[in-house]
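Order of writing sets the labels: A, B, C, D, E and F. Residues in every chain begin at 1.
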């Protein structure tokens, strides 16, 4: 009886764990039962490469990485980045070198999170976090200025009031940059050639995949640099 | 300039709309009723299903859409109904027109992917693929794309086909009132999208396939994720078979609905599952192969009746075929570059920027003005889940396309609607729209 | 591969390994019909290009470049081959509609009309398709002024 | 209690009836008819004809008026009728006079028998043997299927004829047929 | 102790037996209070049940679709319906310009009131065991756990369900817009058609039970084999279940409000509290119909009892146990309705009508005739098996005749085209 | 509280009947005319039932039962006629039916 088969299918779903949705309270915690609220509140793990909102990184010594070169603004297909550089005060430099990003704004109402800016940035100054859960109540909030984008003194992104942010979600802010770093050249797979970030140090490059693809033979160089992925 | 009053009194589409019977000549009515094939008037009159002897006050013109739950976006169908029988139908489109072809003329080839990927938002990777392939052909590097890049593209393309078809199953189920199917379809699609998210960082609109290769390599552990998909899906598909295919109500609702014959489908340039449902085995992957489709084995699924049920069954089976292809890809995936090492197209590795000033300048040039593409024009087509998606690029030698046109399968397939719907019921209309599986982002571009 | 069409004003050409035929406006319909008979039964795509800003483009000898070019992609399912027709159309001129040969061009020709203002003679219902009915101008023409809404920023107007 | 019910039901019935003849919109008229039917059903209950009350609602309200509404919607004749113009001269006056005359006639007829009717009788024999709670229904069944079985069968034939006839009436003529 | 046999009361015409045994005799305050209390309780219970039904449906359907369902308002989202109701209450009440104002305003009530009315005849509990016929004693007054027990109870339910069509039909018509009109045309045809099947399958129950009073029907279903689902041989139950689903406009028969086809059908133009009333009525009807099914086919508040063995729920007094049983049984059917919704695709309009007229009505009629033949055979002392066999043969002949008629009709349609 | 007598039922029925008759004479929409006929039938039904009780005779109710059935048949045929006529014309009043005379 074809009519009845479907009933079993729907019935069977009851106990299954393959739920589409998860319990989510938008980060609200119930005051009285804090612990319970937290366990109820599951967020699905986000992959490392996720394109979320941007951050402006600092070097490990606290200097800003952005040099105001406007490459990100130039490559942005949505034209949502506005950068103006300025000369550093030699006595109190904001960034190493001559110039620094004086104005840096991203309009998130336009940003399409293609991460071309991250690929374009020559100093790895702008990278993307895994955070995308933010909702604004006005247009002004959607325009992030350098103030909001720049990482804090601990190297972690600023947690703005309208962002739902959980511990640990600030990690891997540079995953996409690291993934695209070799630009296809197998010789550069796994090669770390970027400066350390404040709070995280020098992050490992993404492990090359040729070794992971066991069916194929990667060349010797690949095997030698195969390092465990850096979960700092 | 029309006054506000008149604009408010009627909808603004004017001549694009279906005109009432009283306003058109009998001849035009014949022609319109013969809708799709646009037969000669006598031939249309000879067709028994062309209803022309209906009084106007016995029929009613009803708008299905642009805001309607089952028009898959902002498709607007104007239906002339007699009771619940559809006498005439005319799709009115353009409500999602965002001028993407025009936008494409101001974005460099590097940025272009972000634009085209938004057209058919259910199979973005196929859009990117066809755009990249057209660009590569213009650049003359289409023969030099690294093996791994090609296999990766195939992998993503096939997975995308799966996700798109899964979504079709979901929406098809929902349109016919099988609400659970909707969520099951979305659920499985979500698994595929999670894989995409791992690879590209985004669930949709990836901008991952770029001219010259791909943006990044597959992440570690990708093989396990794909295997997980391949393990999970067959059981789920079997469930769909029980829930839908095995359900007599389901079959009754779809079989014999929205029939289109092979010659009609060809005349209307319908491609993809619609063409295949009429029994013609036409699949660009097999018939005009691109990438490495020559090296994998798969079957082209065809139907026999050209009805909505065949289109449903074809898509369901195509998921299985895609899985078969993916399995072969897993075996054959080579190592190597994922992007062409042509200095002109690919930015230098990050490691090299610090080493060489030339690389830095090169990096700057590519990201600011993009790479220049030689003058010429080219049309490249691949098989998207919805049919033949083609990309026509005319270049004037600069780094932005002079003209970028996408031959959107949905845009062409939507033309089949009036023909498939004629004589059906309103409920059939829903099934027919669903079986076309149009993506309005692509229809309107 | 079908032999070159035996029609006046048809210039065969190859572009990146793809077969292109430059067809004159007058023989356009005849050429398509002949190709239809030769097996190109599906008109996959029909679009146009406005070469206003690139008048110096390279065209083969014997072809007089005009402002617009209607590009038709035909497909032969039996022979698994494609052919592309390029028809030169001047500003304000119209071309024959392929509707009677390939009904699939109904929407495509409407789109070209909508976007470029190229008229197709014999099209049953040549109305705008993507743009609203009362829209001024044809957006994909190169002389169509593109509007721009400035992106909002806090620091400075951009 | 009885009186209250009687007055309310009568009011419902008469208001509904007046509604039927005064409402210009056929749908409103049909709704008024439903009101009347309900009033009659309540009267039936008060008169211990429970079964008929239920059937009255099921058949009249549930089927006949629904059919009316269905036809009204199907034909789209729900435009308000113009009650202002009279097709025939003084039709309304004449109708009024005729109606009044009829009323007089009926009242006279009723009044003639008033003296017997104003006395209360025993009511229906609800204590039929083995009747249980369904005396009314059982009695009715005995009557309909016993005494009047021929009439009953004839009505069923009538129904069939009506259905077949209607189907033929509303059938669309095939091209060749006259 | 008042006489049980209420109908033995002879004399002045009275409404009393229609209402409540407690009203028997002189009008006293205590019984009146009890009746009023019962009305209140039934109303409140109805509302709460509806609220919980909405929650239950959403939760169960969510489970079947691997979702979570409402989980924010109240514990486990129990108050979600309340929250929705409050929200709807404060929404703008739209009146379409082309609507028929009076009817537009009236329609939700025409839908809502019958939904509650039919709850009146459902025996909600009571002790039916050991020959008790469900009468309980409250404050020294005998009464039923049932608002009213008219002799024509089942017909009353049928009458109310035939009234229910008005709300939907008039709602669609009065909206003055096309989709709702299509919806209401569908509604009137569908509900009237399936009412026939509903009534015919009911007839089988009445044949077996020999009474139309709901408490009487319940009283006759003491043991498992007496349950009408068994006694009438399942088929009427299945037909009733299907026809009831259609009557309720629930999936897969929800063509009236088919979201995907008619954008919500009859209630497209409704908003705010008026929409809420429709919504409530729909779920209320579901609850009522489930309760009616349980009453008619599954012994209502009767406990499960088989072969002298009675399943007893411990720690629950007998008077309350009936209610518990009823609740459990009703839950099963509520779940079934939700299950239908989660599993089945929607039928098409013509398929629906075909199914109703060509399958359900003939089937229920045939089954009724079969049962009647058996009954007759038993009464007359004929051989039951032979009679049944003859009846089956005759019915099969009728079936074949019908099929032949369909075949001919289809042929004519094919050659001459549809004539309707 | 006095109880309503059979007489009162009959008077109400008479009123109902007269209203129905008046409606038939006045209204021109055949659908509404049908409804008025239903009113008259109901008036008759009511008096039948009232008299059935008065006379302790169930036959009155049996007749009402038959009236119900016949009324249903009548409505079906009548509406069928109206639908048939409406197929060919858009508006309908009773005057248009005069054309049936031929």
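General remarks:
The criterion applied here is as follows: a residue touches a chain if its C-beta (ideal position, glycine included) is under 8 Å from a C-beta of that chain, and two chains touch if they have at least 3 such contacts.
Worth saying up front: this structure is predicted, and the values here are computed from it rather than measured.
Note on connectivity: the fewest chain-to-chain touch steps from chain C to chain E number 2. Distances between chain centres, each the mean of the C-alpha atoms, put C farthest from chain E. By number of C-beta pairs in contact, B-E leads over the other of A-C and B-E.
Measuring from the averaged C-alpha position of chain D to that of chain E gives a distance of 27 Å.
Separating the centre of chain C from that of chain F, both taken as means of CA atoms, is a distance of 71 Å. Rounded to whole angstrom, the centroid-to-centroid distance between chain A and chain F, based on C-alpha atoms, equals 79 Å.
Per-chain CA centroids place chain B at a distance of 61 Å from chain D. Touching of two or more other chains is recorded for residues 12-13, 64-67, 342-344, 417 of chain E.
Shared interface positions of chain D, defined as residues touching 2 or more other chains, are 1-2, 46-48, 51, 55, 63, 67, 74, 120, 122-123, 136, 170, 172. In chain C, no residue reaches two or more other chains under the touch definition. Per the touch definition, chain B reaches chain A in the complex via residues 107, 110-111, 113-115, 146, 149, 180, 183, 186-187, 190, 194, 197-202, 205, 207, 212-223, 239, 242-244, 246-249, 331, 333-341, 346-355, 360, 363-364, 367-368. By the touch criterion given at the top, residues 61, 64-67, 178-179, 182, 186, 251-252, 254-255, 258-263, 341-351, 417 of chain E touch chain B in their complex.
By the touch criterion stated above, chain C contacts chain B in their complex at residues 15-16, 18, 41-45, 47, 49-50, 53-54, 57-58, 71, 73, 77, 80, 82, 84, 99-100, 102-104, 106-108, 111, 115, 124-125, 127-134, 139-140, 146.
Residue ranges of chain D in contact with chain F, taken from their complex: 1-4, 6, 10, 13-14, 17-18, 20-21, 26, 29-30, 33, 36-37, 40, 43-44, 46-49, 51-52, 55-56, 59-60, 63-64, 67-68, 71-72, 74-75, 77, 79, 81, 87, 91-92, 94-96, 98-100, 102-103, 106-107, 110, 114, 117-118, 120-125, 136, 139-140, 142-144, 147-148, 151-152, 155, 158-159, 161-163, 165-167, 169-170, 172.
Remark: chain C residues 151-156, 158 touch chain A in the complex.
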